[in-house]
Amino acid sequence: MGDSENSEQEIQTKPVVEKQPDLPKFEKEQSDKITAKFGSKTEIAFVKPNRIRVNVKKEDILDVASFIRDELNYDHAESVTGVDFPEAKEIEVVYHLGSYTDPHLDKQVLSLATRTAREDDPNPGKDSTRLPSLRDIFYSVEFHERECFEMLGVFFDGHPDNRRLLLPEDWADLPPLRKDFAIKGR
Amino acid sequence: MGTATGIIRALNSGIKHIAVKRFTLRYPEQKLKFVGDGYQYDPTSGVGIAGYKGRHMLFHDKCTGCQLCSIACEGVAEAIAMVKVPETWKHNKKSIMPQIDYGKCVFCGLCVDACPFYALYMTNDYELSSFSKEALIYTPSQLQVKPEVKQDVDIIIDNRGATHG
Amino acid sequence: MSVIAPKFRLGYFLKSLTDNIFWIVILLTLAGIPAIMIVLFYIDLPVLDGVILTPFLAFTMIFHPELAIPLVKSLLYTDFFRIAAFPGFGFAALIAAGTIFIERKLLAKLQLRVGPFYCGKVEGILQLMGDGLKLISKEIIIPAKADKPIFWAAPILFVATAAAFVSLIPVAPGWVVADIDVGLLAVFAVIGFFPIITVLSAWSANSKFPFIGGIRALHQMVSFEIPLILSLLGVVILTGTLNLSEIVESQSNYWFIAFLPIGAIVFFISMLAELERIPFDLPEAESEIVAGWLTEFSGMMYGLVQLGSYLKLYAFAALFVVLFLGGWQGPMVWPPFPEEIITKGIEAGPITVQVPGLPVTTQEMLNGTLWFTLKTVAVIFFILIPRGVFPRIRIDMLLSIGWNKLIALAFVNIFIALGLLYAGVIGPGGIL
Amino acid sequence: MTTQLPPGIQLEKVDERIMTLNVGPQHPGSGHMRLIIRVDGDRIVSCDPDPGYVHRGEEKMAEYRNYITNIPHLERPVIHDSCNILYPYCLGVEELLGLEVSERAKYVRVIASELNRFTYTLYWLAIYGIFLGHSTMFMWPAGDREFAIDLLEKLTGARVTHAYFVPGGVRNDLPANFEDVCLRQVNYLEKRLKTYGDIFYDNPILISRTEKTGVLSRQDAIRLGTTGTVLRASGVDYDLRVKEPYDVYDELDVHTNVLKHGDSYDRSKTPWLDMLESCNIIRQALEKIPKSGSVRVKLKPNPKGGNDEVYKRVESGRGSLGAYIVSRGKPEPYRVKLSVGSFRNLICMPYLLKGEKLGNMPAVYWSLNYWPVEADR
């Protein structure tokens, strides 16, 4: 799995933005607004047609999310995905944000990604795997964050209802979407 | 008054349907007709041929025992196992052929897509129930048999509604 | 061959049949006939045409059918026949059975389905018999903590009450089980029994869903009985009588539905609610409370409740016919009996003899029965159709319909009736 | 009097007025989920949805199988809508692998996906009918589904789990004479759908039962991030087939049905209008489909994606259906996330049921176009 770690860093260190000269115009404007506001705090991972990805540190995610909601008019979250990177000892949480109110943003999906520390011996809710909750900014993330909490053990600070959602009540194993939780026989 | 007209229109619509033909397919007596002889795949063009995805049919003279169908099934249902067959059977130097467990098969047809030798097709036979799980395991010699099906009912649409006939 | 009875052989089956017949004949000759003779000698026998009906005479009727005619006629006018067979239970049960079958086929046809199909070769005509057999042969399960006497009694009481209701309905001129002067009041009294029985059975089952269903049924029936009764007051005002037969007689020229359409509509809607039929089937709402107050009934207990509810359906439809559609009134369509049948009689019996005095009933009675049955079946059709057309309504909507709208409409109906009466249009001394 | 409880055991504080009801998972009015409802008399005080009874870990399973083998698995959450749930996955894998889908295949996909919208929505409508005690509305959609199922069976070879869409096109071409049969049956189906109006949607009893129950305002629909028919019933004009047209939807004339009240009645009517629109789309697609051409790109065995990620979405019967695929240069995807409409609409349930009458619970619950199996994945 060494490859994937390296390549993972490649994406982060060398953003695709600089390589491609003919970036889609509207999306570039959007990403430039974020860069202009936050500068080095944010990192535009890629700008593709209709898709922008912004990586932020977890300390800044509340500010960036507020900016995205208030200034860029994204008003709801489509999904919240947790991705486990055991080699980097990090768990990434990606918010896919969309907009219903702004007709210019109909096609756009903005991915807001942040990372948090990952512990090899997880204790969901009580270890350092935690992130600030975006529920106060995007109300629609409520159930998605609950799912993320049980599936990857990411505790969302400020979420009012960090409970089990899909898994059975007596689940006592690792959070199942972590990579070290192996399916039997695979 | 709108309520009254609404109620009368609903009653009228209901009573009108008493004259519409009945649509039920009376299954054991009638069986739906399918397109063609079952799902097939043309490995040269890489496109399947439309048909019903029922029980498989294995052509012994074409099967080479390459296990590609078994590998294709590995992540899906793990229904295909390769079993020993008599070495005198033609074209099969490894003398292994697929044996399909219909207790596990999901009839996705990806094994047919995997076969590069036109050896595995699917047929229109879907009545596979049996009293024991062992009887659901079809050996290569059982898979060789072309099933006899009598399916001749189609949907007929006319002025008085649709019916099966 | 057969999996169900692997050792079945036709020869054994025939042998068992003949064995049974043999033993029945032996027992009848040795014990049955003497017993009948002894009983017949010790009871009071009717007097027919001045001759006491002796057992000997009774047996000679086999060879002289004309002697049986007075007996049959006297039987037709006994209370037992009226209660058990014609205007009473048997007739009503026949119509109820027909209703169940028609309902299933009609609903199936409306929903583009087939419905009962395989039982009885022709469109499932014997399905009802099969269902009845199944219900009879099923085990009756009673909840462990149920109040057993009441739980047992509830279905029987339900059928009995429904039958009491049936007994008040006049079918043809003079053909009614209980021709009482306060017929309509008696109907109200009998209807008042149903919620009590429902709640008793629901409570005695000691189970959640029957209890909720019973409470719902209580709410529904009580709140719809008031508009039901009020809507009939108009008819009483116009006729000035409570006797159902007289109400029918007074409609010989005009049916009351022509004068009191609002009353008829209110009565019809209240009737649907009383019968717990869609859209008012809240006590049995299967997506909410399983089967309501019927949940714990099994086997023939359930069958009895079903029989009772369909008897009730027939009785309500018949009451609607009696009150608003002119009962048995209708043009004479029954062909008159040929003169020679009445005077000379027909040829009948093992030794051919002329039997005068047939037919035993009158032309008016047959004609009245025909019209009555036709009208009842038409009303039943309109009771059945909503089941395929309407969704179930909510309990608060139901109560608000019952208490607000229907009662107001029933009062409007009463005022219409009073207006008609005082304007001298109809009623005692009216111009019509 | 206080009794000493053993350690670890707490007594729940019980309010005399409040009763807790478990609606589901065996209750006839719930589906494969549980709603923990607390009622005060006939009023719902709070509602806590408890999904997960049919959670199968499809996302985890997808990480262990290659891009092709995932197909029969990923369609399992909604077997009635299996073409639509594979649609974003296939679009995503095509972008990852750099596949170009032929024009004919795109049209075939549109036809199959719209036919699947019928099979799902009619099933949903049948259950909505029986929830409201309307037995005819159970039988008619369940019977009329047969037209769409029959067409899909002719096209894909299976009645429900089609496994028809693959990255790079579709599995097989249209069978002979399919266009005529499809046109005939879709026309008849449209005629049948229109008869639902009189008996169900214009029925005053149904209207009085569902109108003004569970009202979701426009602002709340946006704030809660709802999607699909729930969103459009609340007056938000957002249909991905129009707003972000995928495949050939930009060449077709798609009309978005938007109703404005946001109550149960509008929410139940929008899918019906969508189905009528689907008839138009299928007719257009049958007209415009190229008469010949390949429908499937031949793939290498075990195709590998680069270090990339895609997020693709389509409009399914229940709303926007997104697939987020992360690839790390392996034959297997590193992470597959399905963002499904049912799960996104689940958040409305506690919000809408609060303060509602208990008798309205089935009408509101099922009008959310919620498919428990899909929400659990």
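Per-chain residue numbering starts at 1, and chain names A, B, C and D are given in the order in which the chains are listed.
Here is the rule we go by: a contact is a pair of C-beta atoms (placed from the backbone, for glycine too) under 8 Å apart; a residue touches a chain by one contact, two chains touch by 3 or more.
Computed from a predicted model, the values in this text were never measured in an experiment.
Enquirer: Taking a step as a move to a touching chain, how many steps at least join subunit A to subunit C?
Expert: Minimum number of steps from subunit A to subunit C: 2.
Enquirer: From the centre of subunit A, which chain's CA centre is farthest?
Expert: Computed centres place C farthest from subunit A.
Enquirer: Have a look at B-D versus C-D and report the one with more C-beta pairs in contact.
Expert: It is B-D, judged by the count of C-beta pairs in contact.
Enquirer: Using Cα averages as centroids, what's the distance between subunit C and subunit D in whole Å?
Expert: Inter-chain centre distance comes to 49 Å.
Enquirer: With chain centres taken as the means of their Cα atoms, state the distance from subunit A to subunit D in Å.
Expert: The separation of the two C-alpha centroids amounts to 25 Å.
Enquirer: Round to the nearest whole Å and give the separation of the Cα centres of subunit A and subunit B.
Expert: 43
Enquirer: Going by the touch rule set out above, which residues of subunit B reach two or more other chains?
Expert: Residues 7, 10, 13-14, 17, 23-24 of subunit B each touch two or more of the other chains.
Enquirer: Spell out, as numbers or ranges, the residues of subunit D touching 2 or more other chains.
Expert: Subunit D, residues with two or more chain partners: 64, 136, 143, 199, 203, 205.
Enquirer: Going through subunit C residue by residue, note those that touch at least 2 other chains and give them in order.
Expert: Subunit C, residues with two or more chain partners: 110-113, 388-390.
Enquirer: What are all the touching pairs of chains?
Expert: Touch list across chains, by label: A-D, B-C, B-D, C-D.
Enquirer: Can you tell me which positions in subunit C touch subunit B when the two form their complex?
Expert: Going by the criterion above, the answer is residues 106, 108-114, 117, 385-386, 388-390.
Enquirer: Report the residues of subunit B in contact with subunit D in the complex, numbered from low to high.
Expert: Interface residues on subunit B, with respect to subunit D: 2-3, 6-7, 9-10, 12-14, 17, 23-25, 32, 34-36, 38-39, 45-53, 72, 74-77, 106-110, 113, 122, 155, 157, 162.
Enquirer: State the interface residues of subunit C toward subunit D in the complex, per the touch definition above.
Expert: So the residues of subunit C in touch with subunit D come to 107, 110-113, 278-279, 281, 285-288, 290, 387-397.
Enquirer: Please name which positions on subunit D make contact with subunit B in the complex.
Expert: Within the complex, subunit D contacts subunit B at residues 64-66, 68-73, 136, 143, 146-147, 150, 153-158, 161, 163, 171-176, 178, 184-185, 188, 195, 198-199, 202-205, 207, 294-299.
Enquirer: Given the complex with subunit A, which residues does subunit D contribute to the contact?
Expert: Counting only subunit D, the residues touching subunit A are 51-52, 55, 57, 59-61, 64, 222-227, 231, 236, 238, 243-244, 307, 309-311, 313, 320, 322, 324, 326, 328-330, 334-335, 337, 339, 343-344, 346-347, 376-377.
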